[in-house]
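Comments concern the structure below.
In order of appearance the chains are A, B, C and D, and numbering begins at 1 in each one.
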Amino acid sequence: MNKTVKNADEAIKDIQDNMTIMLGGFGLCGIPENCIAALVKKGVKGLTCISNNAGVDDFGIGLMLQTRQVKKMISSYVGENEEFERQMLTGELEVELIPQGTLATRCLAAGYGMPAIFTPAGVGTEVAIGKETRKFMVDGAEKEFLMEMAFDADFAIVKAWKGDPHGNLIFRETARNFNPMMAMAGKITIAEVEELVPAGELDPDCIHTPGIYVHRIFQGSNYEKRIEQRTVRKRN
Amino acid sequence: MLDKIGIAKRIAKEIKEGYYVNLGIGIPTLVANYIPKGMNVVLQSENGLLGMGPFPYEGEEDADLINAGKQTITTVAGSAFFDSAMSFGMIRARKVDLTILGAMEVSDNGDIANWKIPGKMVKGMGGAMDLVASAKNIIVAMQHVNKAGESKLLPKCDLPLTGVKCVKKIVTELAVLDITPEGFRLLERAPGISVEQIKNATKGRLVIEGDIPEMIID
Amino acid sequence: MLDKIGIAKRIAKEIKEGYYVNLGIGIPTLVANYIPKGMNVVLQSENGLLGMGPFPYEGEEDADLINAGKQTITTVAGSAFFDSAMSFGMIRARKVDLTILGAMEVSDNGDIANWKIPGKMVKGMGGAMDLVASAKNIIVAMQHVNKAGESKLLPKCDLPLTGVKCVKKIVTELAVLDITPEGFRLLERAPGISVEQIKNATKGRLVIEGDIPEMIID
Amino acid sequence: MNKTVKNADEAIKDIQDNMTIMLGGFGLCGIPENCIAALVKKGVKGLTCISNNAGVDDFGIGLMLQTRQVKKMISSYVGENEEFERQMLTGELEVELIPQGTLATRCLAAGYGMPAIFTPAGVGTEVAIGKETRKFMVDGAEKEFLMEMAFDADFAIVKAWKGDPHGNLIFRETARNFNPMMAMAGKITIAEVEELVPAGELDPDCIHTPGIYVHRIFQGSNYEKRIEQRTVRKRN
């Protein structure tokens, strides 16, 4: 298998206006920087973006908000972004906030061919409004769950540390986050990696995302890997 | 009256040998600093890490290694990374022994509100709804009263809920309280705080039985 | 009339560049030997492997490396191991392009029976029910008639079902047939086999349109 | 954390008669050989065993069948075992056969705190009898699914390649199979490993089962790792 494409522009070339796309990453950690830049360059509009966060004003998905390419965000947390706030308050941007675990598990459900899952997250809150609930016995007591549906995304765009032409992916540290589930959940999955190695170089026991889930892969460049909250301690 | 560090120190005393603990943003994050040395405790960060260590030394920050508050961190020996589905999987499956998080309001039946204030910019619930819906044991670190002096320990939360009937214990600047079927049960007073002061600061049902000891910190 | 190898060779022609393929036990396993050299095809083994290679050389067997038939195997470059939940996850999510498996009976609406014979020891369905329920494309490798000469391509399966309305194509010792809303559609005859012989061997509805070519193998 | 126990005897000491236990492995590949031997030695009876297969006559779970310790098997495939067949036909042994993917996913559900999952496996077959079904839209068409419940097991016993005192586990090749999901699904999880290494030696990016799921761990000994179907090719 050789799923290698030249670059981000080629990888995203058929992402069209009004599509639903998933973008991996948590905060600015493990985000597909190259593809976001290519989407901004291409200028595709009206996107529904499923991503845990919406970047900051001048980085990550924030860049696509500046250019008004996003119609709707489905996220669990969208702080740290003034342009986001402005568009949301003016109604330019539609926002659906869902619990982080629900977001992760709805991706997993799509990747594992499960049409819906049950979670207790949001029971008794406004998240539950309009949703089917169901009680199950858990540890000998009845507990209520929400039924949440698998996501249905045209494209998933993820960022991995290493990958091979088969599309096998390995993530690094907490840059893994949502990337593996989104990689499984896209109808078409695009992976950008820091290092693209020949088939056979990745340890088959250590692959996080098997290539069957990945349709296009390329080695990205110029990763900024910006840090959102630089917290340090002094040496004694 | 306790300051933030006092609250963190008092909560740290609830952590036991062998616990897996999830710490929320704010005061809960400070709790990590007061876990007794030598106690085996593993910190879970819900973005996908077991075995969170302290902040890195200056110059050793790694953009790929952050906690759920997006702060640069380190790992300890025996740590493991995993994806967010597994992370919330282990949370839902109640493998995390203790969850510590902040709150804007708590009601006397254990409801919690900590994600949304109508009329203000809503940033989202992040992982809070998942954590409170599943945790075996939840301790809330919060202020007993707001800046206007109004109680945040209520008969019923005014703010939109994060979760229902889930809080087990509350540590505030004034007191330590459990949630019981009869309401908030006062367990300990902060140094220099009277039972009367706590009564006045608590709008929800408050159970006071016998002498209420002053809490011991350090 | 085709032998097992002939059936395997004919099925191999259905495999296309870039396919991920799951091969069942028996004749389907043989198909791997006839995939054209140079064609990029990845074999999935549902116990947890993508990139299955040929049997190992003598002395190089590895007890930790087996296929779904519990045979010792090897891997090819670019392989990946995963657990059985992910394996059936990718099967349910229809990421596998083609599933090839054996059958005891197939009905003219695409039902398949291949796991249980009443009165005989039942060994279990293994992964067959998962595979047939989810596969995008299923080709069945089977005998057209049983030892008593009775058709196994039926209006309705007599044996307990493995899955309903799932089979797309059938390759037998006599013919290649598609499942259509009108029943089995005859596509090709095995070398030396007449349409009449196939008619006589097929109990289910059989659609024969125009000249039926003899199949070309090798 | 130090979850290390001395050996299999200590690890299984509180497994009682009539409990439900899960045993990892596929065929004879990746099975907890040491714990099975200890269970035979202890003589605990009336067990319900959840395991994809039931071993062969003289190895794996077959050893526990010889000693009549198993009341019920929940498996997807139970061939290659004459004693099993005999006990099943005489009614001494209760057998529940379920699809392999359903078995795997019911473990995953337990480990991920999902009370039930939906699968199309078994729809329209005898597996569906008595089960709730539900239709969902999949790729634009209605498709029927069965609701299957998460497993509830007192103990899970798994076999890994490497582990550390925290209980972190790494599996090798296809010996991974059901082990990671069962490790997540037991109320108490016991892991036997070929090599127990100090905390910090396993690459945190390559751990298959994080230690939080594992309660007891020990380094096993005398692994036979029997091959069920030795298939080879000749060198040219």
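To be clear about the criterion, a residue touches a chain if its C-beta (ideal position, glycine included) is under 8 Å from a C-beta of that chain, and two chains touch if they have at least 3 such contacts.
What you see is a predicted model; the values in this text were computed from it and never measured.
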item: Neighbouring chains common to subunit C and subunit D, by label; value: A
item: A-C against A-B, pair bridged by the larger set of C-beta contacts; value: A-B
item: Separation of mean Cα positions, subunit D and subunit A [Å, integer]; value: 32
item: Intercentroid distance (Cα basis), subunit C paired with subunit B, Å; value: 56
item: Centroid distance [mean C-alpha coordinates] between subunit C and subunit A, Å; value: 36
item: Approximate Å spacing (C-alpha centroids) for the pair subunit A, subunit B; value: 28
item: Where subunit D touches two or more other chains at once, by residue number; value: 105, 112-114, 119-120, 171-173, 176, 204-205
item: Where subunit C touches two or more other chains, by residue; value: 75, 81-82, 85, 88-89, 91-92, 94, 134
item: Chain contact topology (line, ring, star, complete or other); value: other
item: Pairs of chains in contact (touch as defined earlier), listed by label; value: A-B, A-C, A-D, B-D, C-D
item: Interfacial residue positions of subunit A with respect to subunit D in the complex; value: 105, 112-120, 136-138, 143, 145, 170-173, 176, 203-206
item: Subunit A-touching residues of subunit C, taken from the complex the two chains share; value: 18, 20, 40, 42, 44, 50-51, 75, 77-82, 85-86, 88-96, 134
item: Complex contact set, residues of subunit A against subunit B; value: 26-30, 52, 75-79, 85, 88-89, 97, 99-105, 107-108, 119-127, 139, 161, 171-181, 208, 225-235
item: Residues on subunit B engaged by subunit A in the complex (per definition of touch); value: 45-49, 54-67, 69-73, 75, 81-85, 87-89, 91-92, 94, 111, 121-130, 133-134, 160-164
item: Subunit D residues touching subunit B - in the complex, by the definition given at the top; value: 1-2, 110-114, 164-166, 168, 184, 198-200, 202, 204-205, 207, 210-213
